[in-house]
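Shared chain: subunit A. Partners: subunit B in the first complex, subunit C in the second.
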Partner chain A sequence: MFETIAILFIFFIIVLFGFIFYTRIQKTTYKAEQEEAVILRAIQIAEKASFLPEIQCSFDNVPVEDCIDKYKLEALTPIIDPNKIYYYRIFGDSRITINQTYPSDTVSWTLYDRPKEGERLSTQIPVSIYNPATDQYTFGVIYVEVYR
Partner chain B sequence: MKKKKSQISIQFSWIFILIAGAIILIFFIGIIYKQKAVSETRLAGTVATDLEAILTGARISTGTVNVIQIPKIEATFTCDEMGDSWFGVDWEKTGIKKSLPIEVVFAPNLIKGKELITWALDFSAPFKVTNFLYLTSPEIRYIFVNPDEEIYEDFPEETTKEEVLTMAGISDKNNYKVKFIFFDQAPGTVPAPLQHMPNKDITAIKITGKTIEFFEKENSRFKSTGQTFYITKPMLYAAIFAEDKIYYECNLKKAFKALNIVATVYADRETTLKEYYENNPDDRRAYCTLYYYEEDTTALKQISEACIQDMINCPGLSDPIAKLEHDNLILKEHSCPLLY
Partner chain C sequence: MKSNKTQMEIMGLAIIVILVAMAMLFVVQFIVLKEPTELKKTYTYSELAANTLNAMLKTTTACKDQDITRLLQDCAAYPPDGLIVCNGGSCDFVTGAIKEILNQTLVTWNIAFNFTTKIKILDKEENVIPPISQGTCIGERQTKIYPIPTAAGPMIVRLDICG
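Up next is the complex of A and B:
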C-alpha cells in the first residue's frame, strides 16, 4: 500500500511538472498573439487614415486613392477636437500627421494626436496632396504612430 | 485468522485503488473541461479580432461581394435604441464581443454557418460619406415578392435570393432565417410551409415609394413593427439586410453623424475656394466665385444635425442633396473646381 501511495505521489509530481511546462508555453503563445493584435490594429488605423472620406481626394464623387485634398485636410483639422470621442473610436491612441515632402518640406498638418505612454508602432504612407484652387499636386507622407 | 486478515487487506487495497483511480479520473476530466472552455473562449476571441479586421477591409473595398470561410461559429449583431452597437462571437457561451460605435454594419441579429458574405456600398449624400457594410450568410433566405428588377438584379448573387410573383408555392428549404421583401403590396399571411418556424426567424419589409415598413411573424400572419424611410439605394439594401427597424435606424444614425462631419468639411472647403478666387481676381478661374452657393452645403450641414437629434427630420435631406448635385453640375460645366 505504501508503495502505491509513493507511486501515486511521484505520478502527481510528474503531472505538476507537465502542467507548469504547458502553462509557460501558453504564456509565450499568448504574448505572440497580443503582439500580432497590436500590429493588426496599427495596420487598420493606417488603412482608415488613408481612406478617410473627410480628406480623400474625389472628382465628381469618384474617390482617388493615395491622394489628400489640401482644403479638406485644413477644414477637418479644427473639427477633430470637438468630435474627439468620434475620432477616438476610429484612431484610438495614435498620432497622425501629414507632411509635405516635395516641392517643399516645410508644410505639415497634425490631423490627430492622442499620445500615450509606452512603445509605438510607426507606419508611413506616401500620398499626393492636391490643391483644388490651383489644380496642383505635391508629394507628402502620412505618418501613423500607434501607441501600444 | 491470518487468512481472514489478508482477505480483508486485499479488499481494502481494491477499495483504495478504486478511490485513487476515481480521483485521478476526476482530476483529468476536470482539466479537460476547463481546457475546452478556455480553448472555445480563445477561438472566439481570435475569430472576433479577425472578423474585425475583415470588416475594416471589406468596408474599404466597395462594390465587391466577398464570401469568407469562417469557423463554424455564431456571430451576433446588435444595435439598439440607445446606440449600443456591437458584435459577439458565440457570445452567450464566451462573452466575447467587440464594439461597433461608428462602423455602419447592416446584418441579421444572428449569422451562423461556415461562410460569411460581405458586401460594401458607398453611402453618398451627394458626396461620399462612409461605406455601408452588409453582412449575411448563405443559410439566410431572401424572398423578393414581385420585385423591382434593378433592385433584385443588383442584390448579390452569392446570397440565397429568389424572386416570386406571389406567396403561393413557397416551400421550406430548411433555412434558419427567412426575409421577405414586398414591393407595393401588403405581406398577408405567412406561407404554410414556413409557419412552424419561430416568429423571430421570419421577418419582412414592404417598400412603398420612399417608405419602408418592417414586419415580423406573429404565428400565421405578419405584424407591423413600424415605418421608416430611405433616401438612396444603399439605404434600401440596408433595410433588407437589417434585422429590424431599430437596428436599421440605429446604424443610420451613425451614418448621419458621419454625414454631419463630412458636410461641415465640404462647407468649409467651399468657403475657402470661394475666398481664394475672390482674393485672386487675376487667377484664370476667378469667375468660379460666382458658382459657389454656400447656402446649400450649410443647409445640408444643418439638416443632418437635426436628423441626428430626431430621425423625423431626415427625409428633409433629399432637398439639399439634390441642390448640391445640381451645383456640382454647374461647376463642372464651367470648368471650376468641383464641390465633391
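Up next is the complex of A and C:
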C-alpha cells in the first residue's frame, strides 16, 4: 500500500513538473509572437509611409514609386497635426521624418510625431525627393521609428 | 511475488519519466531553441537595394544639373574622364557623388554592400567607375541590377546588399 502511495506521489510530482514546464514554454512562445507582431506592425507603418498618396510623386495622375513630391510634403506637414486622430489610425505611436541626404543634408521634415515611452524599432527607406518647380530630384531617406 | 509487482511498478514509472523527459527535450529543441525569423531584416534588405539604386540614379547633381544616370552614361561613352567637365571630369564627379550618397546611407547604417558599374567592351567586362564596397559579401545577398544604355553599349549598374 505504501508503495502504491509512493508511486502515486511521484507520479503527481512528475505531472506538476510537466505543467510548470508547459506554462514556461507557453510564456516564451507568447513573447516571441508578441515580438513578431511588433515587427510586422513596424513594417506595415514603414510601407504606408513610403506609399502615402498625399506625398507621393505623380505624373499625369500616375503615381511613381520611391518618390516624394517636395511641395506636397511641405503642404502636408502642417495639416497632419490638426488631423492627428485620422493619422493615428494609419501610423499609430511612431515618428516619421524625411531627411534630404544629397546634395545637401541640412533639409529635414518631420511628417508625423507621436512619441511614446519605451523601445523603438527604426527602419530607413531611401527615396527620391522631387522638386516640381525645378524638375530636379534629390536623394532622401524616410526614417520610421515605431514605438513598442 | 509482491517484490516482483513492486519492481514492475517502479520500472513502469521509470519508463514514464524517460518518455516525459524525451518529450520535454523535443519541445525545447524545436520550439524554445528555434531561431526567430528575421522578418524586419528580410523586408528591409529586400527593399533597400532597389530603393537605394532607383533613388540614386535619379538624383540631380551640381554638375551642370545632370543626374547621376546621365553622368554615368557620359563616363562610359568617353573614358577615362568623360566629356562633361565640372571640377574635373564626369567620371570623378559621379564617383564622388555616389560615394557620398552611400557613405551617408549604407555605410552609416553599417550595412555590407557592393556597388559596381560594368560595361562590355570587345567581349571584356570593364568597370565604368571603380567599384565601391563595404564589408565582405559572402552568403545571402539582395541584388538590384539596373541596365543603362550608353553610346559604348549597355552598362550594368549593380548594387548587392549583403548579410
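Everything below uses one rule, namely that the second predicted complex is superposed on the first by the 145 of 148 C-alpha atoms of A that agree within 3 Å, B and C clash if a C-alpha of one lies under 4 Å from a C-alpha of the other, contacts with A are read in each partner's own complex, and residues count from 1 in each chain.
By our rule, contacts are C-beta pairs under 8 Å (C-beta built on N, C-alpha and C of every residue); 3 or more make two chains touch, one makes a residue touch a chain.
Because the structure is a prediction, the values reported are computed rather than measured.
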item	value
Partner chain in contact with A:40 - subunit B first, subunit C second, else both or neither	both
Touching partner for A:105 - first (subunit B), second (subunit C), both, neither	second
First (subunit B), second (subunit C), both or neither touched by A:136	second
Which superposed partner A:113 touches (first subunit B, second subunit C, both, neither)	neither
Subunit B versus subunit C as contact partner of A:81, first or second or both or neither	neither
Partner chain(s) touched by A:60 [first = subunit B, second = subunit C, both, neither]	first
Which superposed partner A:14 touches (first subunit B, second subunit C, both, neither)	second
Partner chain(s) touched by A:1 [first = subunit B, second = subunit C, both, neither]	first
Intersection of subunit A interface sets (partners subunit B, subunit C)	4, 40
Of subunit C, residues touching subunit A in the complex	6, 9-10, 13, 16-17, 20, 24, 27-28, 31-32, 36-37, 39-40, 43-44, 47-48, 50-52, 54-56, 58-62, 65, 67, 97, 100-101, 104-105, 109
Contacting residues of subunit A [partner subunit B, same complex]	1, 4, 8, 33, 37, 40, 44, 47-48, 51, 53-56, 58-61, 63, 69, 71-72, 74-76, 79, 83, 86, 89-90, 132-133, 135
Contacting residues of subunit A [partner subunit C, same complex]	3-4, 7, 10-11, 14, 18, 21, 25, 28-29, 32, 35-36, 39-40, 42-43, 65-67, 101-103, 105, 121, 123-128, 136-141
Touching residues on subunit B, where the partner in the complex is subunit A	13, 16-17, 20, 46, 49, 52-53, 56-57, 60, 101-102, 124, 126-130, 257-258, 261-262, 264-266, 268-269, 272-273, 276-277, 283, 328, 332, 337-338, 340
